[in-house]
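Listed after this line are the structures, all set down as structure tokens.
Here subunit A shows up in two complexes: once beside subunit B, once beside subunit C.
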Partner chain A sequence: MTERSPRRAATRELLSAALPPALTFVIVIALWESVVRVFSVPRFLVPPPSDVLTAIWTERAPLSGALLTTAQGAVLGFLLSASLGTTAGLAFSLSRWLERGLYPYALFLQTVPIVAVAPLLVLWFGPGLRAVAVSAFIVSVFPIIANTLAGLRSVDPRLSDLFRLYGAKLGDTVLKLRLPTAIPSMMTGLKVASGLSVIGAIVGEFVAGFSEGNAGLGITVLAAYRQLRTDLLFAAVLLASLLGLSLFALVNVLSALLLRRLRAPG
Partner chain B sequence: MVKGGVLIGRRLSTLLIGLSVCFVAGCGKKSEAASNDAGAAARAQVKLALDWVPEPEFGGFYAGREGGAYERRGIRIEIQGGGAGVPVLQMVATGRADFGTVGADELLTARARGADLVALFAVFQTSPQGIMVHAARKLEKLEDAFHSGTLALETGKAYAAYLKKKFPWDGVEVVPYDGGVAHFLTDPSFGQQCYVTSEPLAARKKGADPKVFLIADSGFNPYATVVVTRRELLQKQPELAKQFVLATREGWRAYLDHPEVTNALLAKLNPALDVATLGAAAEAQKPLIENADSKQFGLGSMQQSRWQTLADQLLDLKFLDKPVSVADSFQQL
Partner chain C sequence: MGWVCPCLQPRVALGEAAPRSREITISSRVAIRGLSHAFNPGGAVLQDIELVIEAGSFVALLGPSGCGKSTLLRFISGLEKPASGSIEISTGAGEHTNPRTKLAFVFQDAQLLPWRSVLDNVALPLELQGTNRTEARERARGPLAEVELGDVHERFPDQLSGGMRMRVSIARALVTEPSVLLLDEPFAALDELTRQRLDERLRKLWQTRRMTVIFVTHALAEAAFLAERALVMSRRPGRIVLDHRLDLPEDRSFELRADAEFAAQTALLYRALKEHGAFDDGSHARSDA
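After this line comes the complex of A and B, so read on.
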């Protein structure tokens, strides 16, 4: 345990997470703009970033509505994944039988091509938020299960022995030893899942989202593509990835707070 | 697996197109005999990219290929079937295909975005785009479909924007169109966009009783299944483009008169459709392809006034930023 203030640690963690991608972003954008201009690439194939920014501004009203809709689906799917995934990981860690019986099927969720099953989700859940959230859930749950399980299994055997020696109850062992040990790994799972849930939501919207009123970014992407509006398409994609990044950052902050609490004395 | 072949094919096709244009330009009438003598090696290899899966709405192209209409004109045609979201315009604009089929509205929109493509042949004089609902709902007019139930549309398409602007949409849930009829069959309040030659027949085959409204009747009627090419090809190989159009017209004539043989082939290419359904579709599309205009001016012919109407409508729908010159958008060969 270091002595530096936890808040500063959290800020530093956030900064070190955000700075390198921001730098890459700036460099790529500069390169992209100059390549498109120098070689006069047709705009229906690749728009210059300046066009994309303009599209974000001129279409800000529909885009922000779409962002909000997609965010709802992604966050709902992510929360489903986080709660069910963590529970499943915990259950698997407590019972080899459960793990052997169910883990292969959890793995199946990881390998299922979401594009292929998305049309079924509409049939089962009806179009709109529910189907989109389930799509986000399917795509994002497995990393949480796998990382929770791996974290819970990574307890130092000597500490395990110590707990046994003192006759600790199972509940205490889980709460005071296994879960604290598992937190970093669980957070990794949640971070992976945060980005995936946005992907799942967008793919879900392709077939299951409402197209009028509160249409999500997935619908914006489809409509922009049909009109060869690559500027608007890139704008929607950019917003989708920003959504993924903010979810990721949120998980990062939460995990820093949680770790701080766990490491605080007493 | 296709990429390497496409590259080689394109290099080869450039050579072959060059050769055959020499024949055509240099030897006039004799070129046909010459190219026949020289056999396959002297034929121009062209690729036609379709914007949907093989169906009767492309029957004339297949009939032309099978019946030798293209071959007799020194063209070896490769027909590439498409599906939802296939970027036909981009493929033709960038040279990955020589010809492609799109909607007239898509062509004008793409031209406004900088893709210099030209329409050569319009298969459908009347757009087959429709809205299909369950007959049991007893809807009398197209606009009734926007008051209740669920409606699957391709948001972002011009016809959808037109309907949105023309009719009040209240109480309808709009969802993405997935290309099939599964939802339609399971949900009596479900309606969807359709080609009158396709989905209604598929739904009927599965026991549903659909009622179809043709969107063209409401005033939005772009030419459909329009053959386009890039201006560069048209300028460098005008004879190839012309022969392609003539062969396409011959193919469509053959398909309209005798669709049976081609339908047997289509049934193999697209196992989702059987010969009976294909026959019904071919029959249903006839009046949309052959109307007064195409009887007078020839199959596939286009009128400037209709292009202008479409351009005005697209401008009104903000699909175009500014008025465009439709004279550049199509060419009768």
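After this line comes the complex of A and C, so read on.
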């Protein structure tokens, strides 16, 4: 009995974590459906959830294609910011000169209005996946740089002393002290970036989305809007959010596994 | 491969957990001459410190909070440089060696790497000095056995009590066979009983290894219990105001703390502290313990 109780406690905890949002979901959907039906709200303004579901089902072939296309752009952009952002953070932490010289411009990536820059990306990278991925990259890279840098700087000064006392080489200090210390913070940056990369991809697609007939969710949203297919528009938005959520969840799981290995508080 | 004292090599080959007889004493003499230091804002911290600590002695450095005793320890460790004065660390053989490799430092908190197992934490200094991981782990077993933690090699710091973590920290300091061991209020954060047990253990470690120990504390009884010689520092700017040889038996155990002679020695340190204003500003030198 004592062996089973921890598992039961875990189940109960999961239930108490999952139940409230699930209930909220059911209540909101039910309210939405009934309000739209009772007050006969025009469907091109707000479609009832049942219409959205129907649209997802009937348009499943183009929607899944669009989802896949957007996912490619977002994931590619995310991987780009994860690798370049982490590298930049590491480089900045090692050289004050590099940091002072480049950090302001990295910050510029964060503040630049991506919608305004997207046409440039099309000019430079051509329409399609590449421009979309770069757009996702621009939107998501800064939180990774900033969090990596902050994490690498958060080393306990007495542990730095310890490494210094034993004459540690720079490589050892980075690999055995700074990077492990920085990982929780780096994971926070990656989590933020995962959601942002989907936003960046959709915005990129608004401008650059057409290539060889592979339209992403951003294009689906635009097309549905022009045809006043609000049900389809909702469906595309829903899928885009789910894409962002699953990318976030994936990063979260990886982060939890890594942090457990490092025995860092999650 | 970093510098490793050649005299250590044969012993490593024997390397077993059993208490080893130490015919060769590795300890250093620390000579501090005319050391003064001031912080940019805040003024003078240390003033004209003249101090010779004989090789193999156990010295307690006492003083009120902020008197510069920790700063002095950092100067001895070489982590920081004083504004003026010199610090010379020399082994009896007079060989010229990289002073840093002979030193070990124990901080107030255990300062272990949470992602490393106990054994890997103790092996860390050797790894940093260029020993390969397998050998470093092998050599870490001895010091862990000395602090009676031979059975928790694969545990992680978050699975240990505060006292055990501190013992790991001491084992980590011993693994490089330091000739000077510097401790900066290592047991201050622990509960009283744990602290007394660690005091006893540290004293025994010193008796078998005979390295030079410099122990910073603000606890009078701890200083009296541990050391052969107690140095009392004044309030900032810190000067050495009492240099006292503690007249207590070589083997010290828990019972000593109830001894009248022990109380007399502690009281002497207390008076020196009090006389030099240790308690004027609400700082907390402890006469308990």
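Just so it is clear, the second predicted complex is superposed on the first by the 233 of 266 C-alpha atoms of A that agree within 3 Å, B and C clash if a C-alpha of one lies under 4 Å from a C-alpha of the other, contacts with A are read in each partner's own complex, and residues count from 1 in each chain.
By definition in this document, contacts are C-beta pairs under 8 Å (C-beta built on N, C-alpha and C of every residue); 3 or more make two chains touch, one makes a residue touch a chain.
The shown structure was predicted, so the numbers you read here are calculated from the model rather than taken from an experiment.
Novice: Fit or clash for subunit B plus subunit C once both are placed on subunit A?
Specialist: Fit.
Novice: May I ask you to name which of subunit B and subunit C touches more residues of subunit A?
Specialist: B
Novice: Kindly classify A:Ala215 by the partners it touches after superposition: subunit B alone (first), subunit C alone (second), both, or neither?
Specialist: first
Novice: Now for A:Leu162: first (subunit B), second (subunit C), both, or neither, which partner does it touch?
Specialist: After superposing on A, A:Leu162 lies in contact with subunit C but is clear of subunit B.
Novice: Identify the partner contact of A:Pro180: answer first if only subunit B is touched, second if only subunit C is, both if each is, neither if none is.
Specialist: Only subunit C is touched by A:Pro180; subunit B is not.
Novice: Given the touch rule stated above, what does A:Gly200 touch, subunit B (first), subunit C (second), both, or neither?
Specialist: Neither subunit B nor subunit C is touched by A:Gly200.
Novice: Looking at the overlay, does A:Gln227 come into contact with subunit B only (first), subunit C only (second), both, or neither?
Specialist: A:Gln227: touches subunit B, not subunit C.
Novice: A:Gly244 contacts which: subunit B (first), subunit C (second), both, neither?
Specialist: After superposition on chain A, A:Gly244 lies in contact with neither partner.
Novice: According to the stated criteria, A:Gly189 is in contact with first (subunit B), second (subunit C), both, or neither; which is it?
Specialist: In the superposition, A:Gly189 contacts neither subunit B nor subunit C.
Novice: In the superposed arrangement, does A:Gly77 touch subunit B (first), subunit C (second), both or neither?
Specialist: Neither partner.
Novice: Considering the aligned complexes, could you tell me the closest Cα pair distance between subunit B and subunit C in angstrom?
Specialist: Here the least C-alpha separation of subunit B and subunit C stands at 51 Å.
Novice: Share the list of subunit A residues that count as touching for subunit B in one structure and for subunit C in the other.
Specialist: Touching subunit B and subunit C on subunit A: no residues.
Novice: Under the stated contact criterion, what part of subunit C meets subunit A in this complex?
Specialist: 2, 77-79, 98, 100-101, 103-105, 107, 109, 111, 113-115, 124-125, 127-129, 156-158, 176
Novice: Over in the complex, which subunit B residues touch subunit A? Could you list them?
Specialist: Touch list, subunit B to subunit A: 85, 89-90, 93-94, 106, 109-110, 113-115, 150, 153-157, 169, 172-176, 178, 180, 182-183, 186, 319.
Novice: Name, in rising order, each residue of subunit A that touches subunit B in their complex.
Specialist: Going through subunit A, the ones touching subunit B are 42-45, 119, 122-123, 127-128, 205-213, 215, 219, 222-230.
Novice: Which residues, counting only subunit A, touch subunit C once they are in their complex?
Specialist: 156, 158-159, 161-169, 172, 176-177, 180, 261-264
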